[in-house]
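Here subunit A shows up in two complexes: once beside subunit B, once beside subunit C.
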Partner chain A sequence: MRLSPLSTLGRTTMTRTLLDNVNYDVLNTIALKKMAAEKAIADASGVSLGQVATALDDLESQGLVVTIGTQSLPTDDAVPALVATAATRYANLRIDPAVLEMATKFEQVNGQFLKAISSWQQVDVAGRKITNDHSDSEYDSKVLDRLDKLVSRLVQLIAVLSHQDGRFDRYAVRFIRATDLVLAGDLAYVSSPTIESVHNIWFEFHEDLLRTLGQERGE
Partner chain B sequence: MTDTAESTVRSIEPALTFSFDDASTAGKAVLGGKGAGLIAMTRSGLRVPPGYVLSTACCREYFVSGAIPAGLLAQIEERLVSLERQTGKVFGGGPTPLLLSVRSGAPVSMPGMMDTVLNLGLNRPAAVALATQTRNPRFMADVLFRFHAMYAQIVLDVLDVPDPGELDAILGPLGDDPDPAVVYDTVWDFCQARLVEQGDEEVPAEPREQLRRAIEAVFRSWNTRRAITYRELHRIPHQMGTAVVVQSMVFGNLDAHSGSGVVFSRNPVSGAPGLFGEFLAASQGEDVVAGTRTPDPISGLHDLLPDAFDDLTATVARLEKLNQDVLDIEFTIERGVLYFLQVRSAKRTATAAIRIATDLLDEGTVSDHAALQMLSVDQVRQVQRPGFDPAEVVDARATGRVIAQGIGASPGQVTGIVTLDPDRAKALAKTGVRVILARQITSPTDLHGMIAADGIVTATGGATSHAAVVARALGKTCVVGCAQLVIDASSKTLSVGGHVIREGDALSLDGATGEVFVGALTLTRPAIAGAQLERLLGLSNRRSGAEVLVRATTVDQVMAAKRAGLPGVVASAADILATSARFAEVIESLRAPEDEASTFAVVEDVLAEQFTALFAAAGDLEFSIRAIDFLTDKISDVLDTRTIAVEYPHLAMPLGSAESIRAQLRGITRAVAASGARPRVSLCVRNVSDRAEAAALAVIRAEQEGSGGVELGVYLTSPRGALAAHELGDEVELVWVELRLLQAAMFGLPDEYLLAREPLDRYSSRGLLSVNPRDSIDPSVIPLLATVAGAAGANAATRVGVRVSGEASESLIGELFAHGFRRFAVDSAEAAPVRLALGKAVPAAE
Partner chain C sequence: MTTVLAEGFNAFETTKSPEGTVKYLGSPQDVIQLLSSGKLAEHILLVRGGTTTFLSPALSMGAIGIITMSGAPESHLGILSREFQTPCVMTAYLTSSDSRYVVGKSGDAHFEEMAANLEGKHVRLDVTDSEVGRVVLMD
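After this line comes the complex of A and B, so read on.
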């Protein structure tokens, strides 16, 4: 959905105005999800439902969000506003050695995670990748164990960030919910892109981390 | 083997541990899955590296006493001594050191259990002996380094272990020909120091301590959070316990007569007969798996170690016959002696699965029944997906149409119009155009475009990039990492070298080979898989005796059904109207009906025209037409029949308008005459639930001149209708039951809810519905279905069938078959999968 005509509405009032923490958290969640309802925003950001509603009004008046029905969407000005705010809000965090070390470790874990997700989706047959039809429970169990370990590893890394900004704790909660659903047999919660799957949460965290640290995506 | 050591063991504590060559008949509950498998392999005469199993009872004892009981420790020691004698190796010493693998083996495979620890038993004497035996201290250093890291991670739950890349730096100062003892000390001390530095526990240096701790770790892994949750969710008893498998390691790098490899009893990619695989001389198996060295084709073994090769070939052939399946086998040759490490059913491509099933059938290895079981309905769906015309691909490659070569990240062959923007991709796809989305990289904000596109191509990223992961999850063809592509969003072009492709140009992707072709390529069905698949489907039909009709709206679809040898098609009169060029006229007349006669005269005319071509194509096929249903049909976006029913409510009732039915009968009758063909045509009315309705339908036909050749039928959608199936069958020739609508009625939900993932999947995964009607048949529906199926037996002249919409699982089709259904109407892409599912549902012994 292209929202350029709408985005110009807010151009005069924003870009230089920094967002307060609640507005940042709400807008950040919407930008990561591209489209989200109030409940999902509250769930992912940790902001209470009541505050989400207020923040949405505020963000809409600033031209950073449009609401269609129950869903809120970011305008083209949303990401620049987040980037500008993050530079100030996370200025100290960006030079914290513990955080930088965490970010380096994340790169490693992220690489292993993507490999494990690929093993979940595809099986190697004599050098040819074929779709995993999930008929081999032993193979699946191994991959799921690996994913679980990597998620626990990530949750430990996230704790370094939560120390500085509690909003990151929400990722841990969401991961546990998704991994429990997988354990219960709902395998779509591993990598389906259209639900709160482990891969989706992981990916949102990655994007969020890059924005927090003011870094660019590699791939 | 039985020796005095073993009989002593038994006398101390019977049946706590089992040697692989034990004659006991204990099953999986005692030995665990892996242990039972290794014992079975040994018993079948395969040379398996010797080892033993600690039974699940040991695990239970461990939890009772909180430690390994003394009796069990004694048994472990006895088994160890016996292993040393069997292998001629020494645990924790030389000249040939005995190294062990320790793995968990629960009776059912479950997550959370401890992974395998390899090369356990390395202390200084053993390490020195290994270096001396292999004349390769570097190899010993590598094994030691890997063992330490593996033990730390798996047994001690250490998170960070040194990277294998660090080994070179550690060994560098030791020179070219280091003393093995010094190598051991250097590597060991380095690895231990790293653990101490991080505040982690050290790896025990003493081999017996390593073994004891590893066994305890397996026991403890029975109670990890994941394992406990999994057992609770899947109702697996907590007191079951896990077994532990302790096995001697064999070395494929002891001398020139050693090596390791992986073979398949047939090619798992093409299905072609003959041993297929790789062999690496003088290597430990992990080298093959880890891909650190490039192995030779298995034929290389023939030149190097002809005896071992012959042994392998003969054994694999025997095993394949025994298992009646293609096998994937890991083996190691230690000093000329062939050992089997693992034998399991081989994973294979869908094409290979078809060839293998037909070949094993021809060779007489498997029965008809078993041949069909070797193929899954998903594999049939896969091979049915159209691919590029092979001749065109050859030509395209020769004429330089491959403009970029990336990494094939998600297989499939697609052609579409290229667009660089996810929003435009979505908009284009909505108009029915096939779209290829080209992006520099993809991010979550591109998801809607990826869902809309048929194929995705990116300039950056590897096989595990976001685009690749998402494309696979969505089942979309995807090529990533086309570094040569320059994607310019501002000019909406994509260029390679001097070649410029604009948005709107055609592009073709091969998601397996990673090729990007400029222009469109024709899609066809692969011929070879087609012929072999047809054979298996024919076999399936003969076994099930079931008829599968497909939904068809166009002449092409009717022709396809005929080519596939199907007995008939089903069509909906509303769909047929919607595909007519005179559709606007139909809408006009339906929207403002001056009187029923003139309105339905238009319907009659259009149906007569449309059906003439369809019947001509159908020839003598069965052609079962569902009458317009003003209650639930949606003819198009512009005309919802329900809005007509608001104004003319009587039309919503099945037999509300006799004129509507008469007009449809007349249209069909005219079309039959005009087509020159002799299809077996029927008109079936939906939502009927009363004998009086069916009788009224028969009266309408009797009064409508010339329509005697059209059979009549009903589509049952309600429990009331299903329960009346017998009586209805007395009045009309055909009875169809619509599974989705019947399930929806039983759940009291609108039937559209059974089409979309949300909200039902989420809702039932919360445990709020014991059955998700989207994928399984509810117990409340089964008696209804059984009643309907029984109507066929009650009245020999009645043809009873079930309409299944969308993709149905193998088990669902099998269930319908078991309840007595022998006629199925399915969506056109589902004909082959359903035919196979029906053949598979027939029990082996008839």
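After this line comes the complex of A and C, so read on.
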């Protein structure tokens, strides 16, 4: 269904040429973040800044990325290119029983995580959800403890993927950095959408996992 | 007399009451086009799902209100809307129609009917109730 007018902005003829690993990692990071500057792309992907700049030029010339100011955004052709490449790059991973078991465990942990984040944002008072003003330190501590346990479980699950592709190690590094900041008292790193918060990293990992496995996200 | 075009789950209760013309966003390209137009703040954004992840740039660049046709307040988009304090009516349904979103069962017809009835309308989001968000016709 497309009800808005088609735009030609950033579009070229659809290409099904598979992406090399660096271009995949850079484009995948942009697609996961939806909008990212070079430094953030390098940090999240583990690709050097120099390689990121080269990859962005390449991806833009292929019509897979468009730049607005300092930010790179994926075009409509980006995800199809990633999906096609992932099918080949991760063909063996997709039939690995350990990975499939990991993915099943992730779904359980993910459901608990989304509830925990909602509990961080809102407090149930007599059946009415109101914004958590973080004045109840005991309540907050319980939610943070829950989130910390869930992140620890996820980091263990990520190790299964890292055996197959070392790029997934970046998620563990980023989670540890974010949780350390939370434990140090910077509570914005729980769920702020504009920084490397636990929720942002978690969400990116979920999207990445689905693409890696060739699965669709459910509602 | 107030005309409520659609209702759904309210992602969070707020006295904010954004007004704008409903614009359906079906793809990342639609978002890029809207951001490039500089008219983001004129629109209430209509998307299919609570997991419509390509909407994130619009939220971070100042989207004023969102209507989703599926998804729960606990979904990613619900969480983001609370973080950005952007009013968001989720799994909205038309008050003039019996069609309701059912996970895994609703086909394109449901979404197309929603979009056809909402796109281009000048509306206001009433999200003052803790549970129900309303899309109110302004013209």
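Worth a mention:
FYI, the second predicted complex is superposed on the first by the 205 of 219 C-alpha atoms of A that agree within 3 Å, B and C clash if a C-alpha of one lies under 4 Å from a C-alpha of the other, contacts with A are read in each partner's own complex, and residues count from 1 in each chain.
As a convention for this text, a residue touches a chain if its C-beta (ideal position, glycine included) is under 8 Å from a C-beta of that chain, and two chains touch if they have at least 3 such contacts.
As the structure is a computational prediction, the values presented were derived from the model and not from experiment.
When the two complexes are overlaid on their common chain A, residue A:148 makes contact with subunit B while staying clear of subunit C. In the superposed pair of complexes, A:122 makes contact with subunit B and with subunit C alike. Once the two complexes are overlaid on the shared chain, A:95 sits clear of subunit B and of subunit C alike. In the overlay built on the shared chain, the residue A:66 is in contact with subunit C alone; subunit B does not reach it. When the two structures are aligned on the shared chain, A:130 is found in touch with subunit B and with subunit C.
By the touch criterion stated above, A:185 is placed in contact with subunit B alone, subunit C being left untouched. More residues of subunit A lie in contact with B than with the other chain of the pair subunit B and subunit C. In the overlay built on the shared chain, the residue A:138 is in contact with subunit B alone; subunit C does not reach it. Once both structures are placed on chain A, subunit A residues 1-2, 33-34, 114-115, 117-118, 121-122, 128-131, 191-194, 199, 203, 207, 217, 219 are touched by subunit B and, in the other complex, by subunit C. Residues 33, 109-113, 115, 159, 226, 229-230, 233-234, 264, 267-269, 276-277, 346-350, 376, 378-379, 382, 408, 411, 423, 441, 443-445, 447-448, 450-451, 460-466, 468-470, 472-474, 512, 761-762, 765 of subunit B are the ones touching subunit A in the complex.
Touching subunit B in their complex are the following residues of subunit A: 1-2, 32-34, 111, 114-115, 117-118, 121-123, 125-131, 133, 135-138, 141-142, 144-145, 148, 153, 156, 180-181, 183-186, 188, 191-195, 197, 199-200, 203-204, 207, 217, 219.
Those residues of subunit A lying in contact with subunit C across their complex are 1-4, 6-7, 9-11, 33-35, 66, 68, 73-76, 78-79, 114-115, 117-118, 121-122, 128-131, 191-194, 199, 203, 207, 217-219.
Only residues 12-13, 23-33, 35-36, 49-51, 53-54, 56-57, 59-60, 70-76, 78-80, 82-84, 103-104, 108, 111-112, 115-116, 119, 130 of subunit C touch subunit A when the two sit together in their complex.
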